[in-house]
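Order of writing sets the labels: A, B, C and D. Residues in every chain begin at 1.
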């Protein structure tokens, strides 16, 4: 199937392999009249760019975004926006040794099983570079949300066993450490943990958390296109994500109804909740409280330690991976989580506009019949 | 949007409210030639039927499935299969007191926020009865999978704090206790916990686990229509699910790459893995190992304890819910998780058939050109 | 695939065979707050009901619509609306002789070729009764359009060689003759032609025309989801339709640019065109002029004359069809064309609401943030 | 909405304006293992390239296709195939005069009405150059079909009033005249007609016909995703198409059932029909006979004659268009019709693979479980 297309009204189509010409995305259905420049996209791409700390791959990529269509006089026109990021620093020779080998934890075997052919260079389409398309599109969705007063904040909640407790959160710290953690001292602990991983030729995973504020209530479509269902798919579609939670998530499974229920209260006409165990979603729709999401990221599968595996001919092989790999991908995945969240919200916000008959009548009276 | 439609090739469309005429589902795109009777569907529905233990609602519903179309001489014909389950034991008067009240943990407020109108009787469309459509369709998807040698086993892994450790699993027990737990003594502990919840006018949540065996490798479509992404959406679309995990899930976030990676091995031409931390999915495609899924279910929000909330006019209200409610929905949700898993797998298995050119050529040579 | 589902935001899912339990449709995504009763749907269904003139099948069907869900206190709630029409006058024994025979002009052979199994009773799913689902849903879409000031008028432009010229149109006549022609004297001519067809055990086709007024400009999505592209699909999906035209249609192919172009003019701020060769659509979007559509309907394939054909075992057979068949289906298809047009427009009108950034901003400021 | 995406399993996403960086398309869902080179695509693009005869625009474009992804070692890999065609000969200054003017027969007004902003340079997204994406993708779909033994032949049936009668068809001629007509003497007549159009500063339309041979029976999904319904949408989505016919099309409306019905016959196990009024489609599925399609193309709206119109401020304007425009677009649209047909067939052929349970069982036993 066409698995590289995402969304219903705000739709994106991504393409590109790690060692091909480049990576790209076409955004189709972005509303007309959104101010947009390449700088808007670059800001997002720079957050996932390699080479920003010693915990990321040494591959050198400027990851420069070119907008090829869909913008006129600085505004979106409602037509498809094509964005291209060329690959520069491909070293395909690095991958010669793993041409026929199925790396543990990677998609080499499953690609072969499905397609019978595989662009093995740098992981091909299953490379982390694939997320460039998501992030470039996510930058646009984010800008759209900003204009509606919606703000997304994503950060690293945990690296391996080092978890920042909610009580210590200081969002100002997120941009102050290269791990995007909301506390600098935990970030230092996490760095030490990663140093140890590197020394031991090992790798780490972690947890990314994402908070959305300013969401109007009622976004999401029951029963299958629920807001939480779509967010879960969005996050789980990111390579290496193995778990997704909304609000209290797995903790809610252990709670009592009396403590998990959030009491409603009101201030004037505005409805809110005294607590937010629900993570801002009730019945699959936003409830007006902040949306709280978490994604569990597995450790980077590429490690330098020798690993047992097999090759294409089913013969046992011992494999040591000495490419340019991140000992942890969590920090670079923060902006990917943010992007997938933004894409999902933009789409559902657009869809929601026709939920009521009086909105339709008002729209066509106001906008079109004058 | 049309949020009550699910799937791409194997597609279902559900309808119905708790206190309306009934609940239904139309399955569109089911392959022709699958033997199917109402008994196949009834077996599944009976597993979610109320009144099976003292931990489920006292509402009496026979939940009898009628097949209205799409079957001829005992086989599916490839045309839409419509299934109807009539409602019997509606007591709308029970809900009069909450007509204008926003129950904590429920979708009353979000429905009002979105649509401005709400069928408040028994929760309307956000009632647990909505899942009847999922389960009736899931029964068909399951039968399809069985014919391909694929088997799904779902069960209650935890009720509140009572968790069955993997080391104690005995699948034979699942059907022996009313909580569908894979161990009878943990089931007894869980029952005691639930008794206490009832006494304290409180409710519990839990965790459902689901294992799929017999899956061929390569199912799932990169990059957005990944198998795990679709399963996450499928499960998170079930009301009350707040978290989803694949394989080691959130535990993977704390692991090292060296321990989380599963070594490939081979026996003859058949590829397998020495461990299964990945939960049977790599790069968004099935890897041939058992698929392992978990869903966290929040405690039933309807509790008899008095709760603070507001009504439609934004005035504070104290609410005690004395309807017929399950103190825990986990056991009845087991078959719902199984059904959503089956629907998702059937769809992706059908989609996968055109992944390779040689399959297309073979198919049209064999099946049609003779 | 799931071929019985139509639409993107305003989505319908139909089911049912000619001789099964009944025919049904689920409308998913209808905006909340539309007043709706069974009478609204019945009015539409009555226009396609058999037995209204001597040119329609003698099958007796009351075709009574039951609404099973989605309505509360007389209004749509935004949840799926399920509609059921039970079959009454099935005479399956009539079809015994054609159990294994491929009727010329029918779908018997293609159903067998695709599915290998076929509900032969009365044509099963390929029966004209399938359109009941379209019409029941179309009634709802039409009501929605009416509230936006959009009106659809469909009628029989031609029966066989008898064509009403545009100069003679009198829309008041449409409901005055059983052929739904916009001129009574042409209707009489057409009746005589049909009498001759009956006498000669033959059948006729014709042309249905459909005019939409009150459409705002800009509806339709370039480049593949154009308004005309979607209308063409909508109409061509009706059994027996073999051609579709917009505006001048095939006549435009012979015209010169200088005569085919419609000059724009303005009255105050309102833009219009001096002529309407375009049929109200330019660049795939409505241009504010009336939309003009035509569908060519082939003659009813069931005729009493003996016809050469084959049976399932590939043996030659001479076939005379003596069931209860319409000598012409055009009059009964008028409301089907109107319904498919309404469904397509409702969907595209909803989709169009998010075309501009300022609409999104306005909507979320007005409707939700107060 | 995302209107620039087409297809369900074989899906394409196009982008690009007439005077932007270029035009592109991403093909997602193409089966792995199809041999593919840039030359395959170039052959198709060359057929729609400007400057091939005196009846096409004088704009000079090499329209060179670059494949940016999805191909490895000469074969498709199952991942998205991105194709880029850069624009070269843009002369935006040519369009300065029509910046604020609504050209009759063009999409200027409807784009403004919908989006409030418009890339007026060369028609932006509504330019004929948009079809480059369709043709590049169509080349791939065509190659896929060829491997299944399916062949598409498209040609100009009529230019203005000059129509080639079926009795005179000689397919060998199609590539011998610059109008792609299946008869050289009619092509000469048509050329003379076009010369007269040029002299009179006018333009012409015409009819394109398309024949598909080698189609297996049973392709297409009832009831909305019928083969003819999808082909009608495909063709009507091409700018300037105002009518679509299958088989006898509008002639069928005038025929009698006895003459319009095609008698089935058999030769061994193979079913065929004595005539083909149905155009190879019955009940929305291919019937094994050649598929016959026709599209009516309106005259090029850009003409040098002065035309009455208005500008953005609603003031009357007299407009003479002196850009580089084709007096007829029909010959260049032939390959576009062929491409849209190929894309539609490839998609429906892939979808059809899961129509039967025994196909699924066979596939997963053969291909995967060995």
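The rule is short, and it goes like this: contacts are C-beta pairs under 8 Å (C-beta built on N, C-alpha and C of every residue); 3 or more make two chains touch, one makes a residue touch a chain.
Only a predicted model underlies this, so the values are computations on that prediction, with no experimental measurement involved.
Taken together, chain B and chain D share the touching chains A, C. Of the two interfaces, A-B and B-C, the higher number of touching C-beta pairs belongs to A-B. A straight line joining the Cα centres of chain B and chain C is 37 Å long. Note on chain placement: the centre of chain A and the centre of chain B lie 26 Å apart, centres being C-alpha means. Each of the following residues of chain B touches two or more other chains: 1-5, 8-9, 14, 29, 32-33, 78-79, 113-116, 125, 216-218, 222, 269, 351, 354-356, 358, 368. Every residue of chain B that touches chain A in the complex is listed here, in rising order: 1-6, 8, 14, 102, 104-107, 109-111, 113-116, 125-126, 130, 158, 160-161, 197, 200, 202-207, 216-226, 228-237, 239, 241-250, 252-258, 260-266, 268-269, 271, 274, 277-279, 282-288, 296-303, 305, 307-310, 314-316, 351-352, 354-356, 358. For chain D in complex with chain B, the touching residues are 8-9, 29, 31-34, 76, 78-79, 144, 147-149, 216-218, 221-222, 269-270, 349-351, 353-361, 363-364, 367-370. Residues of chain A touching chain D in their complex: 1-5, 7-11, 13-17, 20-22, 24, 26, 28-29, 32-33, 66, 68-70, 72-73, 75, 77-82, 113-119, 124-125, 368.
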